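Each structure below appears as structure tokens.
Each of the next two complexes has chain A plus one other chain: chain B in the first, chain C in the second.
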Partner chain A sequence: MAYYFGSKRSRWTPYLLLLPGIFFYVLIALGPSIATSVYSFTNATGLKGAQIDWIGLDNYKEFLFMGQAAKDNFAALGRTLIFCFFVTTIQFGLGLLVAVIINQNLKGRNIFRTLYFMPVILGAVIQGLIWSLFLFPLGGPMARILELFGAQSEFLGGQPAEAFAWVIVIQIWANMGTTMIIFLSGLQTIGAEMYEAARIDGASSWQVFANVTWPLLTPSVNTNLTLNIIGSLQAWQLFLVLLGYRNGTQVLGYLIYAVGFGQTSGSVTSSFRQGYAAAASIILFLLVLVIGLGVNYILKRREERIMG
Partner chain B sequence: MFKKMYSMLALLMVLSMILSACASTPAPSTGSDTPEDLTLKVLVHQNPPMVAFMEEFNKKFEEKYPYITVDMSVVNANDLSTVTQTRLTANDVDVVDMFGFANAAQPYMSQVDAPNWQQLIDAGLLMDLSDQPFVKNYDEAAIQDAGTYNGKVYEINLGRVSYSGIYYNKDLFTANNVKVPTTWSELVTACETFKSIDIPCMTAGGKDGWPIFVGAYGLIGSIYPDQEALVEGLWNGTIKWNDAKSLEMWEKMQVYARDMMEEGASGIGGDAAPGRFASGAVAMFPGGTWYGPAIEEAQPSFEWGYIPFPGSDNADDNKYLFGKYDQGWAVAANTPNKDAAMLYLAEFSDPENYQAFVDAVGFIPTQPTAQLNTAIGKEVAPYLENFRVGYEQYWIAPKGAGQFANPWASYFKPFGTDDDPKVLADKVQADLQSGLDAVK
Partner chain C sequence: MSTMTKSVRNKKPVNWGRIGSYLILIIFAIIYLGPLLVLVNTSLKTMPSFMKDATGLARELHFQNFVEAWTKANFPKYLFNSLIYTVSATTIYIITAVFVSFPIARNYVKFSGPLLTLFVIALFLPPALIPQFQLILNLGLYNNPIGYIMLFIVNPIGIVILVNYIKSVPKELDEAAALDGCGYFRFVWSIVIPLIKPAIATVVVLHAIGIWNEIIAPTIYLTSEKYYPITRGLIVFQGVYGSNWPNLAAAVLMLTLPMLILFLFLQRYIISGLTSGSVKG
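Coming up: the complex of A and B.
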């Protein structure tokens, strides 16, 4: 294959062009990540001027083994996985379904596209506010609907399991637009002649979907699954906005924020523990890495099988 | 093509040079006596009457010192420590609102981290205010208890608040012949009476979480009046959250959460709760004295009173008000606007301005010359000699303690998952013990 950038000094052109990107990647992503892993072995508070001592594996030992708090951390880890499972599967399925429907030659499909995508651009605070009002237990819209059936609920303020389930719903609502758009762009790369050929061969709608659409959507499927899994494992903002620090609802991402910024003790002042929060971040990173690599391996093999 | 592009670029450069020259022309010097214009960045937490007062105060301050512009940021109380941490570290704030110093590590506590205010001082982020003349405007006890560390003053505290009382609707009590409760049994009876005529007994801002359990702190106080001793007892094991005395507390907390609090209280925001009470929809509202001005503002003609939470069946046990030192001012150690910050605090500490402040926010004053003029001030005046700093201001959980190691009524249904006081008491003690064992 010919090398497009000539010879001698010109050979360096692509690397020079990559430099700004690499610089920002190191500055914004890689640098802080390395710093976080270093901080995880210290008692850093996150305050400028504060003394920082090297404490070895103490933060990790505390997070994983120290008293009931360690068991609570594992419970948060479990909730993180539950959250990831439900968000990923439902958001993936709904996003695909909506994309397939919107991809049809329907009247006003641009309006629906906009409507479904709109929550994505709102941001966690606005999303939280909208749902807090919608789920207001004293006469909010959802409470009125339940009233019609003689039921009532405290929604986000009620039982931790119910509050947690509502955050799953809201997370899906907030991000389904992105999944839909990725699928939609994938659907639009599939040529009309493929569908035409399948129809001529007498394929039913389901057969067309299963044997034409689904295999050819493989790159979009891989992208969406990876984004959904990583996004839901790292979720924390909606937990902060909708629930705050409530027993039985924390996921690992929110726990890290609460510990790092001294928000774990209800109304009293607690300490800034960024070293400990950094250790928890590294544990979350390892979790994301293991799941991400595993999923990526499976998806890659599937892609090779289908696309050749 | 290139020639055209170069011409365009040259033209753009000339234009931008002219524009930047215009923009960056310094204001003509007005002589060394006139200070340069500056912006003083102030951070406060959300408390509607206090924020309203501060906006007015800032306007007057800017009129008096026209070269100073006050840029005040307001954050939710839950986020105050986070924003203080990040903005002080970024040197992006001059004056910060901090709650009174509390939760200091005690000799009997092992392996606990310093509270965040102490971390800020140790990191050199707060200014030593010891020599400032305005410090003398405040009573010595408040300066010592709520703003001094290692012999130096880092905060001037602006007032005490009680959080262990209950607001009650005088009209509803009178109209329904309900006696204002002074004992637990009377409180239970009052709630049953109101519920029997479809009036919810109590409300609170459950959406913010803490108002539910803080509303029941008076209950802990009536059972453990010496709360500093309670904390020491919990640490050294002489008091347990599942002993007989504590079990009585849990049983009452369950009644409070399950039977007294109105349905849907968990959806009401902390700021909205005073309005809900002032609307006359509920009979009582357990909460802090800081809510008084908001209730008055929501419904000026509304008749209400404030009593200590009657957690015991012995009325003498219910005479205490528990609370804390609330808001105070601290200054960033590295502020480039030190003089302006000192002017700001001095102006605020002027007795006339301070009186206006406590009148607006309903704090129990920390300036000895200030009067209790507010409606809430008059309500708490009879109990002031029985004012005590509350449990949570002393408490630091041992590392490794579980998330249930607190005396919180919000663990009970409908706010939490528990509905058996004995089971919960054992769980809370086990969570605490786990931490105590881990740091031995």
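Coming up: the complex of A and C.
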């Protein structure tokens, strides 16, 4: 590639200016990312300058096989999968439904779109606090709604399973807008003439959706499924804000944070179990990788079948 | 759901598809607006009236809540911290990112392709959480604003967005500018940057929102209250005054409203970031 700027010596300018960005990236993101697997074989703590010993597979053995802790870990792993499944399927379904409706020529569609998309800017803390108020158990709005049906609930402070379910609801509330936007941008690439042709052939609305919209929406379907699955396997901010580290509700991401940064053993950095947390991160990473690759494979095959 | 778009002009039949569509949109609108309206309502109630009836309409318009929330917590300090973190990290990031993206997009450095791959690869690697902490700790930057800012001066997705956008800027421009004696730095700084403003805006908005809303990193890295950003400050406020919902609601509302107004202006940048960032496949 031709380079136009100045003499031979100044040929180095682009390299020089590129360096800070690369340096920061390797130092802060890429390097640590790779180092996670190294730390997972050590007994590192959060104590500055402390000696770090190589302990082989001990962290993994402890995580997977050691008594009650291992049971708790598998329970958290199970909850992570449950969370991922419900968040992905419901958010996908609702996002698609709303996108298809908004894509029609309806009055006020931009207002609705903006409204559903709005929570993305608020962040987990504000999202969580807004919903904590909405779910205030002593006569709060949701409690009043339940009263109409003669029911009552502690919501976030109630049974772990119920609190967990509410986090799923709030997670979907917060992120459905993103799914909707990606579907909408996909829908807009489908030309009006495609719909016209189908209608001239006398297709019903459902047939138009099944035979025109759905197959042509494949790229957005793939993007949304991949983003939602990977995102929800790793998401735990709302658990932190809404529930805290509560037994029976933790997902893997939160568990890693808790053991690595002393939520389970006190807040002195020397009690941080960072090697163990690194091993747990690798296990979560492998889970995301296996599920991600599996889903990707299925989606690719489906795409080939549809697109020919 | 039988006739979705076309209505016959003469007969004007009831368009059930359209009615159903609006019905669904309105139900969702209530789900999205409801919690916000409850927040507004609660922020205007007195504590006794909240205790008596948490949901009932606020009749007393107790604006005092906002004053109390503002003075009880150190919100100006938290807001100032958040602003410093967000602005400084985003500024450093975007400047370094432009100088990484431009030569890669133009092939002005050797190994441009592998370099770009190097950035994309981070999206498929294990989380950096633990070693990152060890790094900051051993640099002596734990519980230090500089260490905290450092965490946010990288973002590989932004690089991908910038590279893609720069590729749409015609190369003839480089040649013409160089012929006029324009140097590399000046060209990127005063010609390329203005030309790729839309992409820069998108990346800046996405990156800044991420920092502003971050809650995990401040919980891990900042232990002194004087360094807390607004997210952590809100959690502290909730911990102390959490039982006083009218006060807490006022605090949350004061921080939510500016974000919502900002959202109306920034929405298109967020959308373009989402749709361009997600094509990565």
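In the analysis below, the second predicted complex is superposed on the first by the 271 of 308 C-alpha atoms of A that agree within 3 Å, B and C clash if a C-alpha of one lies under 4 Å from a C-alpha of the other, contacts with A are read in each partner's own complex, and residues count from 1 in each chain.
Quick note on the criterion: contacts are C-beta pairs under 8 Å (C-beta built on N, C-alpha and C of every residue); 3 or more make two chains touch, one makes a residue touch a chain.
All values reported here derive from a predicted model rather than from experimental measurement.
Student: Looking at the overlay, what does A:A69 touch: chain B (first), chain C (second), both, or neither?
Tutor: So A:A69 only meets chain B here.
Student: Would you sort A:V125 into first (chain B), second (chain C), both or neither based on which partner it touches?
Tutor: Touch status of A:V125: second partner only.
Student: Report the partner of chain A that touches more of its residues: chain B or chain C.
Tutor: Chain A has more residues touched by C than by the other partner.
Student: Quick one: is A:F112 in contact with chain B, with chain C, with both, or with neither? Answer first, second, both or neither.
Tutor: A:F112: touches chain C, not chain B.
Student: Is A:G21 contacted by the first partner chain B, the second partner chain C, both or neither?
Tutor: The answer is second: A:G21 touches chain C but not chain B.
Student: State whether A:G46 touches chain B only (first), chain C only (second), both chains, or neither.
Tutor: both
Student: Considering only touches as defined above, state whether A:G157 meets chain B (first), chain C (second), both or neither.
Tutor: first
Student: Pick one for A:V290: touches chain B only (first), chain C only (second), both, or neither.
Tutor: A:V290: touches no partner chain.
Student: Which partner chains sit in contact with A:G140 here, chain B, chain C, both or neither? Use first/second/both/neither.
Tutor: both
Student: Have a look at where A:L57 lands relative to chain B and chain C in the superposition and call it first, second, both or neither.
Tutor: A:L57 sits against neither chain B nor chain C.
Student: Once the two structures are fitted together, what part of chain A is touched by chain B and by chain C alike?
Tutor: 46, 48-49, 136, 138, 140, 143, 261, 269
Student: Which residues of chain C touch chain A in the complex?
Tutor: 1-6, 17-18, 21-22, 24-25, 28-29, 31-36, 38-39, 42, 53-55, 96-97, 99-100, 102-104, 106-109, 115, 118-119, 121-122, 124-135, 137-138, 140, 142, 150-151, 153-154, 156, 159, 174-175, 177-179, 182-185, 187-188, 209, 212-216, 219-220, 231, 234-235, 238, 245, 248-249, 252, 255-256, 259-260, 262-264, 266-267, 270-271, 274-275, 278-279, 281
Student: Okay, in this complex, where on chain A does chain C touch?
Tutor: Those in contact with chain C are residues 1-6, 10, 13-15, 17-18, 20-22, 24-25, 27-39, 44, 46, 48-49, 97-98, 101-102, 104-106, 108, 112, 114-126, 129-131, 133-134, 136, 138-141, 143-144, 173, 178, 181-182, 185, 199, 204-206, 208, 222-223, 227, 234, 237, 240-241, 256-257, 260-261, 269, 274, 277-278, 281-282, 284-285, 289.
Student: Touching residues of chain B toward chain A in the complex: what are they?
Tutor: Chain B residues touching chain A: 78, 81-82, 85, 88-89, 91, 99, 102-103, 113-117, 119-120, 122-125, 206-210, 213-214, 263-268, 392-393, 395, 397-406, 408, 411, 413-417, 430-431, 434-435, 437-438.
Student: Under the touch definition given earlier, write down the residues of chain A that touch chain B in their complex.
Tutor: 45-51, 62, 66-72, 132, 135-138, 140, 143, 152, 154-161, 244-248, 261-263, 265-273
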